[in-house]
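Can you read through this structure? Questions will come right after.
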Amino acid sequence: MKIQEQVKDGVTIVRLTGKLISGPELMELKTAFQNLVNQDRHKKVVLDLGGVTWMDSSGLGVIVSGHTTLRRAEGMMKILNATKKIHELFIITKLITVFETFASESEAIASFKEPEKA
Amino acid sequence: MKIQEQVKDGVTIVRLTGKLISGPELMELKTAFQNLVNQDRHKKVVLDLGGVTWMDSSGLGVIVSGHTTLRRAEGMMKILNATKKIHELFIITKLITVFETFASESEAIASFKEPEKA
Amino acid sequence: MTPVRIGVPSAEEFLEPVQIVVEKVGSIAGVEQDDLTSLSIAVLELVKNGMEHGNDMDPDKEITICLEVLPGSLRVQVGDQGSWTPAGDVGFKPGEGDQLYSDRGRGILIARNLARWVDFDLSPEGKTLATLIWPIP
Amino acid sequence: MTPVRIGVPSAEEFLEPVQIVVEKVGSIAGVEQDDLTSLSIAVLELVKNGMEHGNDMDPDKEITICLEVLPGSLRVQVGDQGSWTPAGDVGFKPGEGDQLYSDRGRGILIARNLARWVDFDLSPEGKTLATLIWPIP
């Protein structure tokens, strides 16, 4: 698993690639979410799962715990590019009711914008 | 394992990449050597092992049998870019006495040139 | 074809080799390329449970995985050193109470939804044995 | 740590999963990154021999591989269903006669040169058991 971060229009995009298998690497991801809060970059976060080839309940667990860490500090995380198979895991576990999911990065970023006053 | 062929200055460079592990892929390599003879491209052959990450006695066996196939038709194969670990296998098995080996493609190609008349 | 058997210490670093072997066997057994990941996810949920709940992540305790190609299905059995069988329902029912936001659980739920069948029993020696059935052509 | 055990049918497609597991266990046991390939080459020479010579490539016949971390060494045992032990010297002596150009052989030669020690014996059940010792820090 590889974690890369990029900031676009004030939104932090956390890109994961590879296998999210239980072990030290998943703990790194947990720390990465905590660091977003520590660095005050947690208000607008997009988690890009486009490069994730394998993930199970432990990966989902870290994503949910990241979500909780961010929410407690009034931050927000949205999911981008989950493959069909990973999307299925969000449905099975009903986590699809917790996360907003996007298939386009620009839409994910735009979704954080305040609605324009009419 | 992947097999790629390229012709340079009349020399056919056969480039192998990946794992040379026993199985159908090794048989493909055997066929590739036979095809060089069928297509009359066997006189000057360089086998580039630079991208080979794993190889054992079965891989060596196919290379030796390719060498024999080419020799019978008066062709010649030289070895390019064997990594330290693969070079070690050529030494252990004394195949280093059978093959000319090179660390530079241009030198491997040049070695097929007729010596200039003085 | 004789079954494929694997025995590993209860330690996370062995999950990935098991995952690779499971997908390889699935592929040889004829599981569709597209479903290999789901197969290995389901199996690894059981393997992780065996390591954690059955063997307390003790690397001196073995987890066994046996993969057998049967007519129409691949049967995977995961054994640990504990003696647990489910008392009634097991696994999460997300949507009820706090479970939706829990940072764990979901293993059996996922395995059961991906595989055709998952259940738990005791081996003849009285140890927990999880069985998973995956359809093959 | 409990040993890692693998049992696979005698078929070439299982060589790669075994190779991956062997390198993983080697890496956990502390074999240097640079030597993992040599370790798996040496072990696979024994596995291929067991499949070919011991089990006649019959997928109904199992090859077992057991990897155990001992003080100072990793011990790998490869078992097949045959009952062979070497009568005197085994393996090629390249440079003598035709063997240099043979398109097979070389397996035991390579395994013995790469590993600290390789030998063959019969298991208590009278089956061929190859043992390989690899040094670890």
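Order of writing sets the chain letters: A, B, C and D. Residues in each chain are counted from 1.
By our rule, contacts are C-beta pairs under 8 Å (C-beta built on N, C-alpha and C of every residue); 3 or more make two chains touch, one makes a residue touch a chain.
Given the structure is predicted, the values throughout are model-derived calculations rather than measurements.
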| item | value |
| --- | --- |
| Both-way neighbours, i.e. chains that touch chain C and touch chain B | D |
| Chain centre separation in whole Å, for chain D relative to chain A (CA means) | 45 |
| Mean-CA-position distance for chain D and chain B (Å) | 27 |
| Chain C residues counted as touching two or more neighbouring chains | 13, 16 |
| In contact (per the touch rule at the top): chain pairs | A-C, B-D, C-D |
| Touching residues on chain C, where the partner in the complex is chain A | 12-13, 15-16, 19, 34, 37-38, 40-41, 44-45, 48, 92, 94-95, 100-107, 109-110, 113-114 |
| Residues of chain C defined as touching chain D within the complex | 1-9, 11, 13-14, 16-17, 20-21, 24-25, 28, 59-62 |
| Contact set on chain B toward chain D in their complex | 19, 21-23, 53-58, 60-62, 64-65, 67-68, 85, 88-89, 92-95, 97-98 |
